[in-house]
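Both complexes shown next keep chain A, but they swap its partner, so chain B is in the first and chain C is in the second.
And now, the complex of A and B:
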């Protein structure tokens, strides 16, 4: 399978009469975008704003972040989720590099988080570095939570596809190739290199805790092998918000850092075998089934080593460690990527489960680490939701408009696909 | 110059050996023995006084000895407490730990000491004080004192300490938030390559050691027992009057259920951030089975239901908070003469 991600670097976004790309700038016809979003009868009102890196803007409550893109020729950007099924991972996809769609609006549950575009808060979220096209979406009255969540999820994807169309006639200056031939051919050519796999765990636990594979709710699949290109090209969509700090946004699926860093070494230091998606279920039976099935797939791929990334914390810790143990028992070497719940002072034990086999662990930080963020000049969304959000508390709203939250509430801060530099160390 | 008060036992305080181990708390208005060397090495501190106490005395009369020491410290108002090093001397280590803990917890004075990793005093004070790692005998004095003096200087300057291995102290057990040079995915791939090549690697998160809690014995006769209801499922009165956090909880609520046959969805809701709350909001009894317990009560299958219901949120809640909340709830239950508890989680 051969994918070219062709990047169009964008320096700015502004509103104008026609949605297009001109001189490294994305111009957006706001009215047209609003119309596209309001086509969905579940959405009463859509407002579109911009938030640029460095501006004193806080976006809250954030549901998802999506990278605008465009498939060249035939193809669907998020098949199964937006539009009909059409396999992705092949051909050319144009990327509006530096721009992200961010969905906000009325709180769906109590799980959404925040993005600060400036100052200390910006250090903790990767989405302070993108120029964000922020959709503030108000649902129709009386909508139930599932429809509300879906409407917001689809609206984000639609906006990403709509903006992406601006790249139809623009060629990217930087083209990155992702090419992995069929496994037997890989193995023939790279017989001397260690075979490496990637287990990507996905939360699959209900409202605001769901992930979608080609539009299929991941609660309803058993673990499956998937070509890494398909993930990079829109096969995975986030419907998950738990917790804001370590949910994998759709943007991070599209730019999965573990896949990228494995790809870079493919053919030189490793022979990248592929990805296994492992849904994290709520029941013990489901956990046992998915962990054992995941281990079986990795063993059948003949992997010598594997990276396992978790999504969420708490009960998924037990899935993570069970997969680790099953693989280590088979002689397959593992590295786990997880965050920690070490308490605000950092003195609590970090995980909800423990196995001696987990010798090699990457920490992406303590979700309970408190941060004090200064007042914003502009709030996109509604800051008063904060005390109800995971990571917020009654005392989160400081009188001056500033907030004190745990990293729990900061989007992407402790990303367990290792998207960020944050970590924790024993002191 | 900042001021450090030094603590020593009878031996290092030049009072005597084992025969002087019953020496009561005494004060010498000068740096004695190791305190003198400490003062020479320190760039920031002078040591105007040394507290000396016999190891037996302080371990057998802990309360009195620490009260006397506290009085001295209150009088001097020092910027730092230095104690030991105690190496692997158990009684001395426990004494140093007691003095350091007192200084940090009750007087907010930073403390530095030194111990061998197996000294029983270590676990008593590692979280409060900075404990320099020493060998198991006094032969390590020459190495330990410069470390203690350097760390003491940093503490009085209010400087952050470097990594434990670099400063040569025993980790306090705190997971400190840091930004690393490379992103997590890159570190993961590099760590896996090291494993595949059989090279040395260092995990970023050693596996935690879990306390195992022995389940209580079964209730002999539930039909005569007063039964309590406790949940980590986040079912609270609408509006969340006690502002319990939706994740990473620091508090719990206690609500009167004596007049309720079941939890009404008009009056109760889930504020738990870790699960799909729709079904719990439809019928909160799905998370906390008050309806079923009332039924069992009416059938005389339980003695009676406690009038209070206790609840917190279990997602992302630190073990330390959980322990504290659990102890407080258990104390209330005991005071309420409850003999059995139904615990529900989500």
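And now, the complex of A and C:
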């Protein structure tokens, strides 16, 4: 499978009469985009705004972030979710590099987050560095939460596809190629290198805690092997509003850091064997089944080592540790990637479960770390939702318009696939 | 001592009125043990149920840190363990279930329960319970339920 991600670097976004790319700038016909979004009868009103890096803008409450793209030729963007099923991960996909679609809308406050485009808050989220096309979507009155969530999710994808169409006639200056031949051919050529796999855990626990694989609710699948290119090319869509800091947005799926790193090392240090998607279910029997099935798939791939990334905290910790133990018992080395819920002072137990086999663990940050953010000049969305955010509280709104929250409230701040800004320092 | 009955132990006040649960499970018996108590007491009762022979079906822990502060939680139990298990397997499983509940209780000691957004937490709790019931229905474990509200066990 061979995928070319053709990156069109964009320096600015503005509104104009026709959606197009001109001189490294994306020009958006706002009215047309609004019409596309309001085609969905569940959406009463769509408002579109822009937020650029450095502007004193706070976006709140954020539901998802999506990278606008365009499949060249017959391909479909987000197949199964947005269009008919068609395998992705091959051919050319054009990326509007530097631009993101951000959806906002309050469904249940405790599950949403914020993005600051400037100052201290900007340091904590990667989405302060993208030029954001922000969709503020008001649903029709009386809509139930299932429809509301789906309407917002699909609206974000539609906007990303609409903007992506502007790249139909524009070639990217930078082309990244992702190519992994079939496993037997890979192994023949790279016989001396350690075989490394990747277990990507996906939250699958009900409304606002779901993920979609080619449009299929991940609760309905057993663990499965998927080509890494498919993930990079839109096979995974987030329906997840797990705590804002470690929910894996659709944008982060499209730019999965672990897959990118494994690709960079493939053929030099490792022989990348592929990805297993492991849904995190609610029942103990379901968890047990999926963990065993995941371990079996990794073993059958012939991996010597595996990276396991989690999504969430609490009961997903037991999946993470169980997969780790099952693999270590089979002699397969594991590295776990997770964030920590260690309390504001950082001294509490980080995970809800532990195992002696988990010797190599990468922490992506402490979700409880408190941050004080200055007042914004402009709010996109509704700042009054702040006390309802995970990581927020009634006293989060400071008298001067600034806010004090835990990292929990900042979108993508402790991403468990490593697509974030935090790093560790030895001292 | 297989028993098809499924028990929801909950302190979610809106569960009792929730027809959606009943629609989702049809075929065996669904009992709702509704409790008006703090979450810590709910977990203690869950531990008692496990000691009495009920089998914990869902993981008691929520799926994220935000929900650790929730004042409400619903847990799904079956009335007994599967026939095919040996006594040692059953005991091992029971110990595992108790360990999960005790860990949850232990973690709660460090958490400030958020009583101000109870309604929001109740909604999320119901969605998670619905997901668990759907999971069971898909697996064909409990094919037909009739709802029965059981306030006093």
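Structure notes:
Simple rule for what comes next: the second predicted complex is superposed on the first by the 417 of 427 C-alpha atoms of A that agree within 3 Å, B and C clash if a C-alpha of one lies under 4 Å from a C-alpha of the other, contacts with A are read in each partner's own complex, and residues count from 1 in each chain.
Note that a residue touches a chain if its C-beta (ideal position, glycine included) is under 8 Å from a C-beta of that chain, and two chains touch if they have at least 3 such contacts.
Because the structure is predicted, anything quoted here is derived from the model rather than measured.
In this overlay on chain A, chain B clashes with chain C. Within the superposed three-chain model, A:175 lies out of touch with both chain B and chain C [touch as defined at top]. By the touch criterion stated above, A:85 is placed in contact with neither chain B nor chain C.
Of the two partner chains placed by the overlay, chain B and chain C both lie in contact with A:313.
Contacts of A:422 after superposition: chain B is touched, whereas chain C is not reached.
Once chain A of one complex is fitted onto chain A of the other, the partner contacts of A:220 are limited to chain C, with no touch recorded for chain B.
Once chain A of one complex is fitted onto chain A of the other, the partner contacts of A:262 are limited to chain B, with no touch recorded for chain C.
Once the two complexes are overlaid on the shared chain, A:366 sits against chain B while remaining clear of chain C.
Of the two partner chains placed by the overlay, chain B and chain C both lie in contact with A:343.
The partner that reaches more residues of chain A, of the two candidates chain B and chain C, is B. Once the two complexes are overlaid on the shared chain, A:206 sits against chain B and chain C alike. Put simply, of the chain B stretches 41-49, 131-139, 167-175 or 311-319, the part that bumps into chain C is 311-319. In the superposition on the C-alpha atoms of chain A, the part of chain A touched by chain B in one complex and by chain C in the other spans residues 109-111, 145, 205-209, 242-243, 282, 313-315, 341, 343, 348-349, 367-368, 387-388, 390-391, 394, 408.
By the touch criterion stated above, chain A contacts chain C in their complex at residues 108-111, 145, 203-209, 219-220, 242-243, 246, 280-287, 312-318, 341, 343, 348-349, 352-353, 367-368, 387-388, 390-391, 394, 408. Taken in their complex, chain B has these residues touching chain A: 127, 161, 163-164, 171-189, 191-193, 195-196, 201, 203-210, 240, 243, 245-248, 250, 271-278, 314-321. Contact residues of chain C toward chain A in the complex are 56-68, 76, 97, 100, 103-104, 107, 110, 116-117, 120-121, 123-124, 127-132, 134-136, 138-139. Residues 109-111, 123, 144-146, 194, 196, 205-209, 242-243, 257-258, 260-262, 265, 269-270, 282, 304-307, 309, 313-315, 333, 335, 337-338, 340-351, 354-356, 358-369, 387-394, 406-408, 415-427 of chain A are the ones touching chain B in the complex.
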